[in-house]
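Just so it is clear, A, B and C label the chains in written order, and each chain counts residues from 1 on its own.
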Amino acid sequence: MSRAFAAGAVLLAALMASPAAALTLRDMLGRDVTLPASPERIVSLVPSVTEIVFSLGASERLVGRTDFCDYPAAVKATPSVGGMVNPSLETLVSLRPDLVVATDEGNREETVRQLERLRIPTYLVHANRIAETVDLITRVGELTGRQAEAPRLAAEMLRRIDAVRRAVARFPRPRVLYVLWPDPLIVPGRASMLTELIDVAGGASITAADGDAYPRFSLEAAVARAPEVIILADHSTGASTAGRPSPEKWQQLASVPAIRAGRLHSADLSLLHRYGPRVPEGLEMLARIIHPEAFR
Amino acid sequence: MSASGRLALALGVLGLALLVVAALALFVGSAGLSPRAVARALAGQASADSVESVVTLQLRLPRVAAAALAGGALAVAGVAFQGLTRNPLAEPSVLGVSSGAAFGVVLAQVFGLGLSVLQALGVAVFAFAGALLAAGAVYLIARVPGGLSVPTLLLAGVIVGIFFTSAITVLISVVDFNRLGGVVHWLLGNLAPIPPGSLALFALLALVGFGLILRSARELNLLALGEEAATQLGVDAARLKQRVFVAAALLTGTVVAFTGPIGFVGLVVPHMLRGVLGQDNRLLVPAALVAGGVFLLAADTLARNVVAPAELSVGVITSFCGAPFFVYLLRTRYRASL
Amino acid sequence: MSALVEFDDVAFSYPLPAGRQAGFTLAGVSFAIAAGEVFGVIGPNSAGKTTLLRLLTRVVVADRGEVRVDGRPIGRLAHTELARQIAVVPQDMPRPFPFSVEQLVLMGRYPHAPGRFFESEADRTQAAAAMEATGVRHLAALPLEQLSGGERQRAMLARALAQQPRLLVLDEPTSHLDLRYQAETAALLQQMNAERGMTVLLVSHDLHLAAAVCDRLLLLGGGRVARLGPPAEVLQREVLESVFDCAVVVEVNPTSGRPAVQVAWPVPAGRR
């Protein structure tokens, strides 16, 4: 009797096991996501994640991206599902994804909810720190079956970051103002990775203690804090010059040390606002701007 | 032809148009499905997790239903506001009522509502309250002895609209700055597939609002005589205005709660109908329910496909149609009635 | 003849915003309108003529006293019941008014079947008859805004007739009509009264019209009844001068035999 019972229990357990091998992972927002053990058709709604997937050599698993996923150039071969805020659900569904990666900074909650209703596993990511970027690389490695490559990529990244840190260590920290957008003035705050990057690059961001990620700031307050280096984000892409910073407006602020010393620079936006394998490149660029003397 | 005969003919023609546009919307989309695949899915012959089934039945069909309902509700609300104010320029977005409702929705979301059907009802209640608040404010500002001053009405609508939109921006900036981009996108007016439970609730609320206005259609005609004359004919003018006002706010709030604020439908559709059917609200109200659906469905199909795979907001299309229309009305009809 | 309408010591004043002086009041007005007569209410502009009308149709409610129609206090009647008894032809059409003549006249059928969505065949027949009676049947499909002043007046009268009232009320019916249409209106009123036995209440500042068509006149002054009776009794120089606060000359119209009141026009100095 007990043997039949045990057999029945085993049978029941076997029947209740999911048909395809599936696992449940906890994503970066603390949600439990059930996805196939080895996703073969991934749609990335996050440009940073798309970059990481390519860097890990897993691009054959990527079936969809957004219009904003522009690096590396090979990404153009992958079909786009539209914008980050307004992707076409139809196109997405027609790609038959078994996993969608999205972020809470840039994609809409509504999109994530729709995906959940369609029962498409959606993995949410979020990275505001170098450490979180490393975590992200590890997770993407896990999702794409590149558990071996991911640590190598992460280690290389950390090595380069550390090299920058050591190169600028002995120099005094100048006060740095980073301008994401001039009008209204938007700057990196406490919760932005850029603040950390400026710090590692040997600068002291004058807006490091303010707001959340990218707060609005008053020009007066910025001038009052007397930055010694001003970095203007360049939003222009190869295609258009829209978003190119105009230095004239800043040249007028004659009281600011950065202007008097001629230390007004522009920096390519895409290197500094993606949390992927190009972070060291962005960091090195920042360090060269803040401490040119360290890299002669 | 008698009035009821004309109504039947109009509804027949419009109903046919709705079916045609709905069919078009179901067969056209960025997923690139063949017509046969779509037909298979509609007939229930495709498997439940095939692409055509998911896209057709879970994405396109609910969106078609949402567009038809939202368009119809907004058009009827437009007819109602125009009957109340005796002015063809009045409609939910022009009067700032949509913005009030949108504020209600955002407030509800800040309080954490929004997911289950019951919570969707909660959101609709907030939207309704916001719509009433905005409509009431506009009414009070524009009230002069003997009725409503039309120029003040329009200005008040613009101001109230701006006020609530700004309030939304402030609320979101304070509560969760990251979501601002998404909220701005929603404010443009976007249709998305709605789950069946919410769709049923949407339909129920819209039909309640429609029913209230339909019942009042004959009396709304009499209101054109002026409140005093209407009262002398036996119309309870005060109750009528309240009823129509509340029903129009309900319709607006419901649409905004389920699909976000979409503008100008209540301006364009009733005007076009008046050109064909005349001024009788008994014909306009039911015709608007169907014609509004046709209009918004057509606009949404365009929005979905014109720059595929990216999607335009349907509110952008309706504004591109509606704003010039508004100017045209301002310069012709409104001028003539001064 | 029985009284169709009775005003029994009716007093009313418009509510004023706080701080304003006490404005207009109607103070204790009593009179009766007999069934089948043509009754006129005359007086200076602020005397309360329009207020009287509003009280009669329950647009406003009396502070004191009672208004009765056919012996029943109007407060007890439903609005639609009252509309079946009394029809008002307003001074002018509100603008904009985008309906046709026929649609306007059909509106007059509302009190008879307020629950209906569309009008019945019987309603349409009544409307056609009303338009015929006022001679606007051939204009039925035209928008009201395209008609002349006189035609509009007759269309509005048709709407009132379509209500099949017992009392027809006209508020300043000739105030902006050409002489020809004034004559037409007067003739039409007399015709309604003679052929259908329709009781008519005329509110007007046109003393000629009032004198010509009315059986009795109510002269209102400062919210009170100054005089009530046949035109010859009411249109007398002393009482008119006291109510209108102006010098008048009262003569007799040679055609109608009724009093004709004229302002005693000031003669410019040096010109006689």
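Basically, a residue touches a chain if its C-beta (ideal position, glycine included) is under 8 Å from a C-beta of that chain, and two chains touch if they have at least 3 such contacts.
All of these numbers come straight from a predicted model, not from anything done at the bench.
Chemist: Tell me the shape of the graph of touching chains, choosing from line, ring, star, complete and other.
Modeler: Graph shape, chains as nodes and touching pairs as edges: a line.
Chemist: Which chain wins if you rank chains by how close their C-alpha centre is to the centre of all protein C-alpha atoms?
Modeler: B
Chemist: For subunit A and subunit C, let me know how many angstrom lie between their CA-based centres, rounded off.
Modeler: 80
Chemist: On a C-alpha centroid basis, what's the spacing between subunit A and subunit B, in Å?
Modeler: Here subunit A and subunit B have centroids separated by 39 Å.
Chemist: Could you put a whole-Å number on the gap between the CA centroids of subunit B and subunit C?
Modeler: Chain centroid spacing, subunit B to subunit C, equals 44 Å.
Chemist: If you look at subunit B, which of its residues touch at least two other chains?
Modeler: Residues of subunit B never touch two or more of the other chains.
Chemist: Which parts of subunit A, given as residue numbers and ranges, touch two or more other chains?
Modeler: none
Chemist: Which part of subunit B faces subunit A closely enough to touch in the complex?
Modeler: Listed in rising order, the residues are 29-33, 51, 54-55, 58-60, 115, 177-179, 181-182, 185-186, 190, 192-193, 195, 304, 308-311, 313.
Chemist: Which stretch or stretches of subunit C touch subunit B in the complex?
Modeler: Residues of subunit C touching subunit B: 54, 57-59, 78-84, 86-88, 90, 93-100, 103, 107-108, 110-111, 114, 116-119, 163.
Chemist: Using the touch definition from the top, list the residues of subunit B that touch subunit C in their complex.
Modeler: Of all residues in subunit B, those touching subunit C are 2-4, 86, 217-219, 221-222, 224-226, 228-229, 231-236, 278-280, 282, 336-337.
Chemist: Going by the contact rule at the top, pick out the subunit A residues touching subunit B in the complex.
Modeler: Touch list, subunit A to subunit B: 67, 79-83, 85-91, 93-94, 96, 104-106, 108-110, 113-114, 117-118, 212-215.
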